[in-house]
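Structures incoming, each one as structure tokens.
Shared between the two complexes below is chain A, which pairs with chain B and chain C, respectively.
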Partner chain A sequence: MSAPIATRPQFAGQRIKRLEDPRFLTGHGQYVADIQLSGTVHVAFVRSNYAHAHIKGINAEEARKDPRCFAVLTGAELAQAKVFLPGAQNAPLPALAIDEVCYVGQPICAVVATDRYAAEDLAETIEVNYDPLPAVVDTLAATQPNAPKANLAFPTPGNVFFHMEHATDGIDDLFADPQVVVVRQTFRTQRQTGMPMETRGIVASWEPGTASLTVYAATQMPHGLRDTLAAALHLSQSKVRVISPDVGGGFGMKAPVYPEDVVVSFLAQQLGRPVKWISDRREGILADTHARDGLHIAEAAFSKDGLFLGLRDHMISPAGAYPLGLSGAVAETVLATLVLPGPYKVQQYAWQIDGVLTNTTPTGTYRGVWGPAATWVQEGMIERAARQLGIDRVEIRLKNMVRKEEFPYHSVAGVVYDPGSYQESLQLAMEKIGYAGFEEERRQAAAQGRTLGLGIACFIEPTAMGVMGDEPLTVPNDVASIRIEPSGQVIAQVGISSHGQGHETTVAQLIADQLGVDVQNVTVLHGDTAAVPYGGGTGGSRSITIGGGAAILAAQELRQKVLQIAGHLLEAAPEDLEIADSTIQVKGVPGRTVTLAQVAQTAYMLPQKLPQGVEPGLEATKRYTPPPITFSNGCHAAVVEIDRATGAVKVLRYVVVEDCGKMVNPMIVEGQITGGVAQGVGSAFLEQLVYDENGQLMTTTWMDYLMPESTDAPKVDFGHIETPSQNPGGMKGMGESSLIASPTALVSAVEDALGVWVGALPLTPQRVLALAEGRQEDAGA
Partner chain B sequence: MQIKGDQLLSGPPEVVYEQLMDPEILAKAIPGCKALNKVAENKYQGELELGVAAIKGHYVGEVEIRDPQPPNRYVMAVSGQGGPGFVNAELNFTLTPHGNDTSLYYEGEAQVGGKIAGVGQRMLGGVAKMIAKQFFSAMSKAIAAQEKTQ
Partner chain C sequence: MVIPVETATITVTVDGRPYTATVEARKTLADFLREECGLTGTHLGCEHGVCGACTVLLNDSAVRSCLTFAIQADGQEVMTVEGLAAPDGTLHPIQQAFWENHALQCAFCTSGFLMTTYAFLKENPNPSEEEIRETLTGNICRCTGYQNIVAAVADAAARLRGEKHTQPVGGV
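After this line comes the complex of A and B, so read on.
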């Protein structure tokens, strides 16, 4: 990377208040539900009440006769039009059920009416005649040879639709060696869902004049949605425009394309009028992708002096009834295989994956995807070894971590760790949490009848994925198109798409520094496939590293051109110029200046004044492809107090040391982490989607699915270490680390407080009480 | 979901058993029952309006008496479906003499699906008990009323 011409960072690295916040905080955000197109009709879905059944018939007579009804759409009609959703292993998924339903909440019919109220009422009049089939809900039960098949139409013979395995040479010898100490644990994460504040929603509008479709959708990946809708509806990509207006959170749940997206778009095309559907919370909990719910049957081999020699993990993960393109069963496990050794120099490594079909809602990605489980496994193994071998928990970690001088480090999992601060992060976190004095603190608390524990979670986070083989999970690059308008104002169009990350601020900060303008003078446009070049949207902690990297490159190119034109106007060499406050000045000669607006006007309107060979205009488009993986790292630490009467766990102190390379805006970094730690409280103690044995989801309201509240969110004490990456600006991704590490830190603190091991989440008060009373359960398998 | 309970009904098992099979009495006693018709021997069809908390709905269903052993026992299979979901249940009823009256014991398994399960499952046990209580108290009244007219 060529060094940028003497640019003094003014904005990058600063705690700049988010430029988008005034509109959010004053209620002027424009979300999909706010989109009002004239003539809009509204959709309600009839969803399966059975986990598995044949559909013998659908009677929609009463609804169809109603004057408020515009259409009733069934799977048969979609099949006739050859409209399907793409799924894993090229198995097309029905957007509306055809003959068979495979999970409670699966859409069967769509009713279109004058308003949502009418649509809901009409949906209730539709009679679906079910013939129940045997359902299989439990993931392990579904792997048994005699288990009922969860999805009769799916091409694999049994429910295990995906299997992979790998082992290094010599791992069996290692585990058989009587000299090594082997620790074992089964780790089970609970089923959760992303639960953004804004539910999913879509407004689709067909323009007959141009035979084109415009879709407003709450999505993380506008181009991904456009490509899939175009393919599903047999339209060319140029005839589909996807706009994601303000999006109120996604957490991975808004990355896939859903049946409802296809149905609403198809209906708009058929009816020739705008069609709208906004998910309500209950149907969101039923039909948004679910996540986690994985089983890790793990064992680790240590030398007697605490070297982490080997790791084995058998991962079993449910896809639900239909494996999506990026099924949770695959994403949670395949990505985990890359990073299960974590920050430790493990030498021998084996893993197996079984992806399983069950009669449950399809699984997808949730913030951190593979991470919370893999971190729990790594740290769980280290903790167990430390206690068994009588080695200090911090000491054993430091001993096994990749050291500063060992980067770039080629891990046993086949990936390269770029430079980080593994030992330094742990040491700083321990200093901040008061590790050295904690045993004394614990003793004093115990003397007052209080039970304290300290938890540790070191993590690595693979971010900003670049080229990773011939079947990319995401776009392995991203783009920024920047132009300086004749007024000197800067407009940037980017392929990343904010759903709460604050890109309108951070990307503006990066560009402002390169172009020497105020951050307020940079407008960042995103989330509209007609306005921005092809991009990968936001997911996988990719945006600031890849999209921000592209913005820096495009701004650097533009800066060169500005300086070239300004040099010509000022009769000075470009390298003798500097830009500040939208003014270009000859270094050390305060009088010799030209404004950015003058340069821009020259570029557009006075081409005769441009240097020879310089094209008119001030615009640049650059695409940035990062290395395969850029690794962030850090450490979370928690001190908790257990209420032995109620089983409640109170977080007394929480420390996060984060190394995400160069920070563009530390306030946004800390905001994202604070949110992820709150989600970690949900994962560790509260949230769980529960099915009964017949496949009925019993937790479809916030009465039963407990979300962390603001009062549950610990106040985080932050430590920052910045190990720059090779990417432009030195950034690394950081969107997921907070939820990757926090559940483990909290669970580890409870384990430390009670002297127990935990193998399943969430740690509800009942379970904490059982553990406190010595009723050590087999919390795993 | 497990359902069980017992109830004392006036009259000997021979009388109570007949009353429990009488669609007219049942229609009056079943909470929210809008219609109940005998469609075949031991088979009834009906319509029900019922609410579990905020989930109110209209259900159409079938009741079948299986393995009738008057006046001692029978099995009742219920399947109902409506906007908010479905209920399928199979209940064993046992009648034993208790002085001049009858002690009725029932137990069985109910399966619910849809909104009723997703939103109401936690209170369904309580609701089922409440409905049974309403049913039997209405039943006693209906029997008393019938006895008066006879």
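After this line comes the complex of A and C, so read on.
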């Protein structure tokens, strides 16, 4: 049994409009670029123009002489000060390059000036003398024996820096069995990046009196940044305060600590004044972590009647030029191994991973991380098997899915699926998209010369990671510290950190229900390491489950104390009391009441009126550790129309059935979904970071890198199923599922429309045309 | 080679209040609003004219303040997101519609969408969904998938026409 959200949930489950919105709607949000500290100086970075080169020398004479210049900082000077970017083990990304640059956009030196315009002027005067080296850009080419080494400081055979493999006993026998049907496909995702509307940025301020550093940064993980900066600058953690003010989106890209964070903080310390750097979009596209760009060479074995018996996947994934602490090459693959079988009861399983260094921007996490590719592989295999075996696409899925009575289900990948609604979600999605009548619809459209297709993507989303092993990727728990002020107002300090998710509302909803107060009386503080206890920030769909869970537990503890004190004041047993509208009342006796404010004032000011043994004060701190993984699940379905003249794909209908357990705010859940579906349109059809053969990034503006626009995004029709989790409140994470499933649903629809198989993204109009005309292009590559 | 920078003294009326400053000729209107006027509600998302986050009204026309120089606005009227709500803080119907339809998440793009919508609904008070979507292609949002923004613009149009607004979302 999961704990109930509250005895009388009034706010949880409701479409409460967001408490944080008025400041945003009036232009009074405060993002890092809006922080204007007196005496601030501004940084511009000189970045590598070469994908691979020796740096022979740096001439910054002209910049240093300019009266607008405050400092020029090089990698050699940073190394002399023993300042490094911690994190990566074998080939740490230098905060500023010293002898060798390994990707275009790598920071080489920083120039500090009176304002950003001046800093950019001065950066242009700095001459870097390069000796170009051979570069390797393509991931597979990099693994060839004679390929150049992408990083001379970290030479490895075939540029493979990371290898893992695993196989269940008997998988070779299975694939050799003449009775099984084997389907094969190589799936290649394109290189993308999270691309939040707000670029990265940091303002660092050194306070000489206390020898402490205050940093404002657009980060998803304030404590993670605090710890890393303290280590980099050899400061104690108590001397570094990180504030993430309003953050304009992250999508995984703002989770890591970057070279610029260390450089700007060091400069603030050296100069003794505030130093500011706000990335522009071009340098963001060059130097933010890139993502995806992986190969899955997959094969699956099915029985002739459609049982999904075995899955093999060889994953090859680029780290870029330096493996970051959480490299995309590792995150996209190792985590994929946990979920590749998806909702299906696969029995035999094998995988290998090769992480590869190339002369490209380091890779990291982007929303969904391993999920979009894993879903594509798992659904791609089942689609191919269905078509080859002549089995209905829905039937074959239903036949292989974990059934309701089989939970908790121990998957072949070694993880436990908690209860979900795999079959029910698929059935509901098919009902809503009109699967039963689709062949008729397709025929009628075809009679008018129109080409329609229907796509399906069933998914599981691993969320809210708890304790996963001895090397945690994230903080495996989170915290809420709640206090009731003498006025009866509630303040909650949480370790999760919103960058658009609406925690100031959803966490308040959970707390308000426990304490019987209006949601507007709950203020949620986050994103300041000096104000909130140690927390993991926001990423990995962890916040409402872990942080919200902690908030429920802390509020429950506080509720007990409120009832205990109120019972004493009202001369009634605590179990005979109820709280509503900030008033505690003896059940059924309207006159016998005490307000929450009176209870709070008693708790702080009149300890003599407290029950025996009750401590003064009205505050509680709780930390919640969830199970290793809480699985959400669901199904996306799309109907698309292909324009055979232009290759354009129009999404006619789009259905999402989501089961994320108990929803705290369905409006916010749906907002997360529509956003992820639009990003899925980007992944399927539009977005791609393109390098030329010399390692120059060709897509450094939003005229080249196509962001989904309002006419690209479909209108989503929702279905909700709520299978409660074991977490307090019954919640499951859901921030990533929409992007985990949507690219596959859209690709599947194109495949269905054209009767082809797709093996690479994005499906640009040229590629759709080629597929429509039956041309064998690179789709299967 | 550093190019010498020319300056000019300009006066721009922003949200009804005149601001006079000496600025470099190359300073963008966006930076003028943010740095000289202290109005940081106008955001910079791409600085090359694609995303529309920096949209403001210059003499009632929506412009991208990242592609407009401050000196081009000399002697003219600019309206920013800070000028939308009534002086007593009452939200403009467009702001109210965005709030009630959950048309913002990280909200970095929101100011630009609000100003685009303001100009658009003056020209077309009763737009179809297709017209709304077509107009909004000039603004990029990474969080919402546009669905609720499109609904908010339609809702705002209905409010501004004085009709009973459509489908309010429950809540506080």
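Simple rule for what comes next: the second predicted complex is superposed on the first by the 764 of 781 C-alpha atoms of A that agree within 3 Å, B and C clash if a C-alpha of one lies under 4 Å from a C-alpha of the other, contacts with A are read in each partner's own complex, and residues count from 1 in each chain.
In this section, a contact is a pair of C-beta atoms (placed from the backbone, for glycine too) under 8 Å apart; a residue touches a chain by one contact, two chains touch by 3 or more.
For clarity, every value in this text was computed on a predicted model and none was experimentally measured.
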Looking at the superposed three-chain arrangement on chain A, would you call chain B and chain C a clash or a fit? fit
Vertex chain A, arms to chain B and chain C (CA centres, degrees, nearest 10): 70
After lining up the shared chain so the two structures overlap, which partner does A:T701 touch, if you call chain B first and chain C second: first, second, both or neither? both
Should A:M667 be classified as contacting the first partner (chain B), the second (chain C), both, or neither? second
Touch test for A:L286: chain B only (first), chain C only (second), both, or neither? first
Is A:Q520 touching the first partner chain B, the second partner chain C, both, or neither of them? second
For A:S497, decide between first (touching chain B), second (touching chain C), both and neither. neither
For A:D692, decide between first (touching chain B), second (touching chain C), both and neither. first
Looking only at contacts as defined up top, I'd like to know whether chain B or chain C touches more of chain A. C
Contacts for A:Y50 in the overlay, against chain B (first) and chain C (second): which applies, first, second, both or neither? first
So in the superposed three-chain picture, is A:T219 touching just chain B, just chain C, both, or none of them (first/second/both/neither)? neither
After superposition on the shared chain, which partner residues are touched by A:D34: those of chain B (first), chain C (second), both, or neither? second
Nearest approach of chain B to chain C by C-alpha atoms in the superposition, in Å, rounded to an integer. 7
For chain A, give the residues common to its interface with chain B and its interface with chain C. 124-125, 282, 701, 703
Chain C residues within the chain A interface of the complex: 1-3, 5, 24, 26-27, 34-35, 38-48, 50-51, 53, 80-82, 84-85, 91, 95, 98-100, 102, 104-111, 114, 132-134, 136-137, 139-150, 169-172
Could you please specify the touching residues of chain B with respect to chain A in the complex? 57, 81, 83, 85-86, 111-115, 117-119, 121-122
Interface with chain B, chain A side, in the complex: residues 49-51, 104, 124-125, 127, 130, 282, 286, 692, 694, 696-701, 703-704
Interface with chain C, chain A side, in the complex: residues 14-19, 21-22, 24-31, 33-34, 36, 62, 66, 117, 121-122, 124-125, 195-199, 246-249, 251, 280-282, 499-502, 518-520, 667-668, 670-679, 701-703, 707-711, 713, 715-716
